[in-house]
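In what follows, subunit A forms one complex with subunit B and a second complex with subunit C.
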Partner chain A sequence: MSRRPGFVLEVDKSTPPTLFWNGEGFTLETLPEGSRVIYAPEPMKALEDPYGAIRHALLHPVGDRDPLPALLRPGMKLTICFDDISLPLPQMEAPDIRQMVIETVLDMAAEAGVDDVVLVAALALHRRMTEPELRHALGDRVYDAFAPHGLLTQHDAEDPDNLIYLGQTDQGEDVEINKRAATSDLLVYVNINLVSMDGGHKSVATGLASYRSLRHHHNPQTMRHSRSFMDQPSSELHSSNWRLGRLIAESGVTVFQIETTLNNDTFPSNFAFLQKREWEWSLRDRATYGATSTALAKVPPRLSRQIFHSIRSPHALASVQAGEVEAVHALTTANVWAQQGVDVEGQTDILTMGLPYICPYNVNSIMNPILVACLGLGYFFNMYRGKPLVREGGVVIMRHPTRPEFHPGHHPSYIDFYEQVLTQTVDPTEMHKEFEESFATDPWYVHLYRTGHAYHGVHPFYMWYWCAHALAHVGRVIVVGGDAKAVRRLGFSPASSLNDALEIASDVVGPSPTLTHLHNPPILMADVH
Partner chain B sequence: MAGSGLRGRVRTARFPLAAPSWPTTVERPDPERKVGLDYDHEWSRRYPVRLARAVVMDNVTRPVARLLAPPTVRGLEHLQHLDGPVIFAANHASHIDTPLLLTTLPVEFRHRTIVAAASDYFFDRTWKSVLWSFSLAAIPIERSKVNRKSADTAAELLEEGWSLVIFPEGGRSPDGWTQPFRGGAAYLARRTKRPVVPVYLHGTRHVLPKTPEPGTRAPGGSGSESSRGGRLRRSPIAVLFGAPMTPDEGENAHRFSDRVEAAVATLSREVHSDWWQARRAVSAVAPVAGAETAHRGPEAPDWRRAWALDQPPSRSRRAEWPD
Partner chain C sequence: MSTLLFERSLPRFAAARVVSSFGSGRGAGIGPLRLVDRDAPELPTGGWFHVDPVLSGICGSDLATLDGRSSRYFEDIVSFPFVPGHEVVGTVAADAVAADGQTLAAGSRVVLQPVLGCAARGIEPPCPACRSGQVGNCGRVGFGHIRPGLQTGFCADTGGGWSSAGLVAHESQLYAVPEGLSDTDAVTVEPVACAVHAVLGAPITDGDVVAVLGAGTLGLLVTASLGHLAASGRCAAPSALLVGARYAHQQRLARELGCTEALPPDQLPRAVRRLSGSLSYGGASGTTATLSGGADVVFDCVGSPESIAQALAMVRPRGTVALVGMPGRVTLDLAPLWHREVRLAGAYAYGTEPGAGAQDRVSTFSLAFEVAAAQRTGRLVSATYPLSRFEDAVAHAGAAGRRGAVKIAFDIRKGTSR
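Up next, the complex of A and B:
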């Protein structure tokens, strides 16, 4: 049977309750009649021979690039950069795509007699990856060949000795990136493109940049004018990264971009019900739902978190393309939309969403309240092209426990942001002016970022900036089932049930609003007409 | 009461405890049914299932069949020295043919024999597929056209040591006379190099007649076949096994199939005479005109064909009408 495209369901009397993520768990909610539920397209067929496809892409690049073997020669300086732990979500079953691509690149480099090869994890201001995480992403063969010799590195945005200033764009944006990468004869970037915002010039211009460079596009102004992040022509974040990327190219950095897309087969078979349409649940699906939701309700959050983070996704390689950055990314974006795009007619008064246990910034970690806001308003809200799913002045209802819990090792500055900044203001512009600098330059946060596994001190601000467009657009944000104090701290309204939330929302959107639910998983992108 | 409370709860159970309802705005696709030729019948040949089938066959089906249709069985000696699987090719007049034939097989064949059954009739529903796979070790066969999957499955099972019952007419006779044989049995014999044992089943149409097709039912004829179609009736039968046959060198499936059909015709003559008379009728030296196709009945109007159909064997008649 051919795969079914995305689908918008109109809820009627016969529609069974709809699945909502609820952090480390899930629940079924009965939506009002007439509501719409958006379901993602079914997974694309995986490439049958991924290694063969990767090799073919490297030998047949797109855009103004020679085949990779032609770019490799003895005595050259080669740097291979790769996306970090934030992709894909959840972590995929071994072998990871990065491992497959990098092994193929290294095979070609070895064949060409290239001796000077360094691998760089493109962290930007993310936390450093642990050894098990690196081994999972790269495979033992790559890790053991490079890490013991110091040739497997992680980008340090605070290391003045390994940053190079390349200049300023015509918009006054500073470009400062990883020195090793910028001074190599060839920079091979290995990307995993989960959503259309990923990849392209953003890979190098953001992933290998310093705070000095990142601040030009990771700010409330840029974020508010990215409508949406996923809609490249309408994204100021995209435009800024493209300006930076072109300046990097003009500075003589030769980038050989390798981009991959995944199908949306997100959860293994024992959680298959999560990504099925509820009326198609089999007896097994219902039994699994019942057993897991009951069990998860009885175990402490710490244990359920461990269970969920141990899940490995059966994501499979759906496409791979290589060559010049912009030509590659045009193909990649088309492939992402082919997998995730759903046509939706018109906006809605209320947008509902269940938020899962994971976002790009809490892999093997805790989903703290700031990340809850970022996932809901920064990511899910922005999963559109054309117009936002929810109308201006509408309401977003999110479901998540939103516990005020933080991972002290991974998110130290988040704790202070929650206690010191959010208690003063939830306005992105105001906090940008008042607080960002002090957090970004705090030597303790810098130390933890450089030597531990902490996100950069400025990172919680960026997460809040991701919400800037949604915060300016919607009339109210309601969190169902969340810790009331934490929800209020975020500036949102707590509700104990969906019905309560709809009651609260009626103050903003009237008594007979339209409602649209963004069904997740898997992720989807709405093409709103 | 606790019981009624539980029943009430079960009745009012909602999704996900109960199966989900289907939104009326969503078109319901045709269910993906693995029936017909796609039915996976491999389970029916696993040891526990074979054991259960043997228990049912020997302790339920066989005694009931003997009671319902006391058989006269001839020619079992042809099976005594056979080594390995064979293809039983029989005429077909009634649904009861298969269980009656299986229950008259010697024990060394009875529990190691599969039955080729029409996929469009016996495997068109899941419950039917399960029922016939279990009770008769049936496998689905495409009867309206040549199908590689059907042929491959049957050939593989023959090669694995399973004997096969097949009705080369491709369906039950509409009037009791034998229809021309199709080439499936002969093809499988050539392909697997296993012998064909011709079988003639006599009188089974009296036990369970074929229900006439809608529109062909005779108007209210008391005692006519139409009035009792599809109902079981006690009546004696005869099962005659012929000598195993193998294709001659260079003989194609079509010609071999004709020979098998002729062998069944010869067996049909034995019912009213004896082996010697039947053999003489098809003798190469002094053949009786039309003997090889006598089992197909006279070229005549329906009533004459019905009139000319033979009667149950005499031994059974004695039992039915004692002096």
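Up next, the complex of A and C:
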């Protein structure tokens, strides 16, 4: 049977309650009749021979790029950069795609007699990965061959000795990236393109950049004019990265881009109900839901967090393409949309979403309130092409516990941001002006970013800017089931139940609003007409 | 006449100490404080005048005394029985003379400067501290023609503010209340003077990061004083004035009074770290995290072992911790103080402060009047009680923060509370 495309359900009397993610748990909600629920397409068929497909892609590149073996020669300097812990979500079952691709690239390099090879985790301003995380991404063989010799590195955006300034775009954007990568004879970048925003010129221009460079597009102005991040022609973030990427190319940096897409087979079999449509739940699915929900309600958040973060996704390789950056990315983008796109007619007054336990920035960590806002308004809200799912002035209702909890090792500047910035302002432009630089240059945050496993000091600002488009677009944001004080700190309205939230929303959208629920994950992108 | 009298009674003292361990101020009813009928004290000598209190505040040091938590250091510089109450606004019963030599007509409003220095004690020549105008540092508070007592309110011969019978005050203790200053503003002048003295005694320079620990009366008044004195050019202007305030109303008041940020005490070190651009180390295994840099000046307006330790952990090397809140016996790790050459300085009472000219001195109280008027410090007076409800008043003062209050005072004129 062929896979079914995405689907928009109209809720009627016979519709069973709808699953809402709720952090480290989930709940069933009865939506008003006439509401719409958007379901993701079913998973694409996995490539049967991933290693073979990868090899084929490297030997048959797209765009103006020779096959990889033709670019490799003895005595050359080769740098292989790869996406960090933020992708994919959840972490995938071993072997990770990065491992499969890098092993193949290394085999070809070895065959060509290349000795000078360095691996670089493209962290941008993200936290450094731990050894287990690197081992999971790269496999033990690669890790053990490189790490002990200092040849497995993690990009350090604060290391002046390993950054190189390449110039300024015609828009005045500074381009400063990883020196080793930029001065190599060949830079191979290994992507996992979970959503259409990932990859392309963003890989190098963002993943290997310094704060000096990143600040030109990670700011409220750019974010507010990215409508959406997933819709490349309408994304200022995309445009800026393209300008930077082209300057990098003009500077003589040769990039061999490898992009991979995954199918959206997101959860293992014991959580299969999470990616099924509720009316298709089997008795076993219902029993699993009931038992899991009951058990999760009884365990402390710390334990349920551990349970969820131990999930390894059965994501499978759906496509791989390699070659010149822009040509590769055009194919990748089409493949991502083929997996995730759902046609939706018209906007809605109220957009509801259940927020899960994970986002790109809390893998093996805690989803703090700022990340909750970012996941809902930065990511889920932006999962559209054409028009936002919710109309201008409409309401977003999110479900998440939104506990004021932080991982002190991973998110130290988030704590201060929550205590010292959000108490003063929730306006992205104002905080950008008043607070950003002091956080970005704070020596303590810099120290923790460089030597520990902390996100850069400026990172919570970026997460808030990520929400800028949604904050400017919607009339109200309501969080159901969240810690009331934390929710108010974010500038949102707390509600104890979905019904309460709808009551609150009626002040903004009237008594008979239209409602659309984004049934995500598995990840879907709405093509709104 | 109703008077609250504090008598030396070891059993009652012990009982108050036990009961107050369940909450400050709870032991007033069974402690050494009793409501008695008593006449005004006699004038000791010439230069003394009768004062009829109007409002008299309950201070943290009063609470410590009533709770049995005061340091034994004070045993030889108080005399029993005494009438508490050293934060006083009242009226002179007859024509009198003020500290500045001004004549006061009977009924004039005055604020009491309660320290009983050499002048009040008839000691000639005065001690070096009194001679230099630093009456708070008087070395003769246990001597002279009145019995020991560092202040009115702790001396058996002077009476105190918690009495409708009145008290006696030496002319060196009387300050006329400016017209237009309300009684509630005026009753805060004495603690404002403490705050002014602490602020002007601290080595603050322009651009400093200053932290205030605690946002009870003293913490808020240090905030108010620093805000006003810096704005009026009497002291340097810090770049940041951070206040650790546990309760929402304290945070609101601190902001109103001019701080840069008011935040819960556990968040204060993080804010100091960020604003001072410091690194941090320690904090694991239950130790206190110490900042590599830190605040230039920390005002500890609590005086507990925990607050002093926190102050030492967030002051910069060679910085100053000013102890404004009255401490008692504490156990502290002084290694950081030694290693970082931190100056730990007491800040008690008042005297004179630097004036406009290099040699000029101005009385702390005159500056305190200025601050009280400019900042309307009477807003900190949350409730007043008649003397007859002293147990409720003391309990309210002991739980002021939790109950949304700051300063509790006795209203000596009336029989109702507001």
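Operating definition for what follows: the second predicted complex is superposed on the first by the 529 of 529 C-alpha atoms of A that agree within 3 Å, B and C clash if a C-alpha of one lies under 4 Å from a C-alpha of the other, contacts with A are read in each partner's own complex, and residues count from 1 in each chain.
By definition in this document, a contact is a pair of C-beta atoms (placed from the backbone, for glycine too) under 8 Å apart; a residue touches a chain by one contact, two chains touch by 3 or more.
Nothing here was measured: the structure is a model prediction, and the numbers come from that model.
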{"item": "Partner chain in contact with A:E419 - subunit B first, subunit C second, else both or neither", "value": "second"}
{"item": "Contacts of A:R286 with subunit B and subunit C, given as first, second, both or neither", "value": "first"}
{"item": "Contacts of A:P5 with subunit B and subunit C, given as first, second, both or neither", "value": "neither"}
{"item": "Contacts of A:W444 with subunit B and subunit C, given as first, second, both or neither", "value": "second"}
{"item": "Which of subunit B and subunit C A:T15 touches, first, second, both or neither", "value": "first"}
{"item": "Subunit B versus subunit C as contact partner of A:E278, first or second or both or neither", "value": "first"}
{"item": "Comparing the two partners subunit B and subunit C, which touches a greater set of residues in subunit A", "value": "B"}
{"item": "On subunit A, the residue positions that both subunit B and subunit C contact, one per complex", "value": "none"}
{"item": "Subunit C residues touching subunit A - in the complex, by the definition given at the top", "value": "261, 263, 267, 270-271, 273-274, 277-280"}
{"item": "Complex contact set, residues of subunit A against subunit B", "value": "1, 9-17, 28, 278-281, 283, 285-286, 289-290"}
{"item": "Parts of subunit A lying in touch with subunit C, wherever the complex brings them together", "value": "415-416, 419-420, 423, 438-439, 442-444, 447"}
{"item": "Complex contact set, residues of subunit B against subunit A", "value": "15-17, 19-26, 32"}
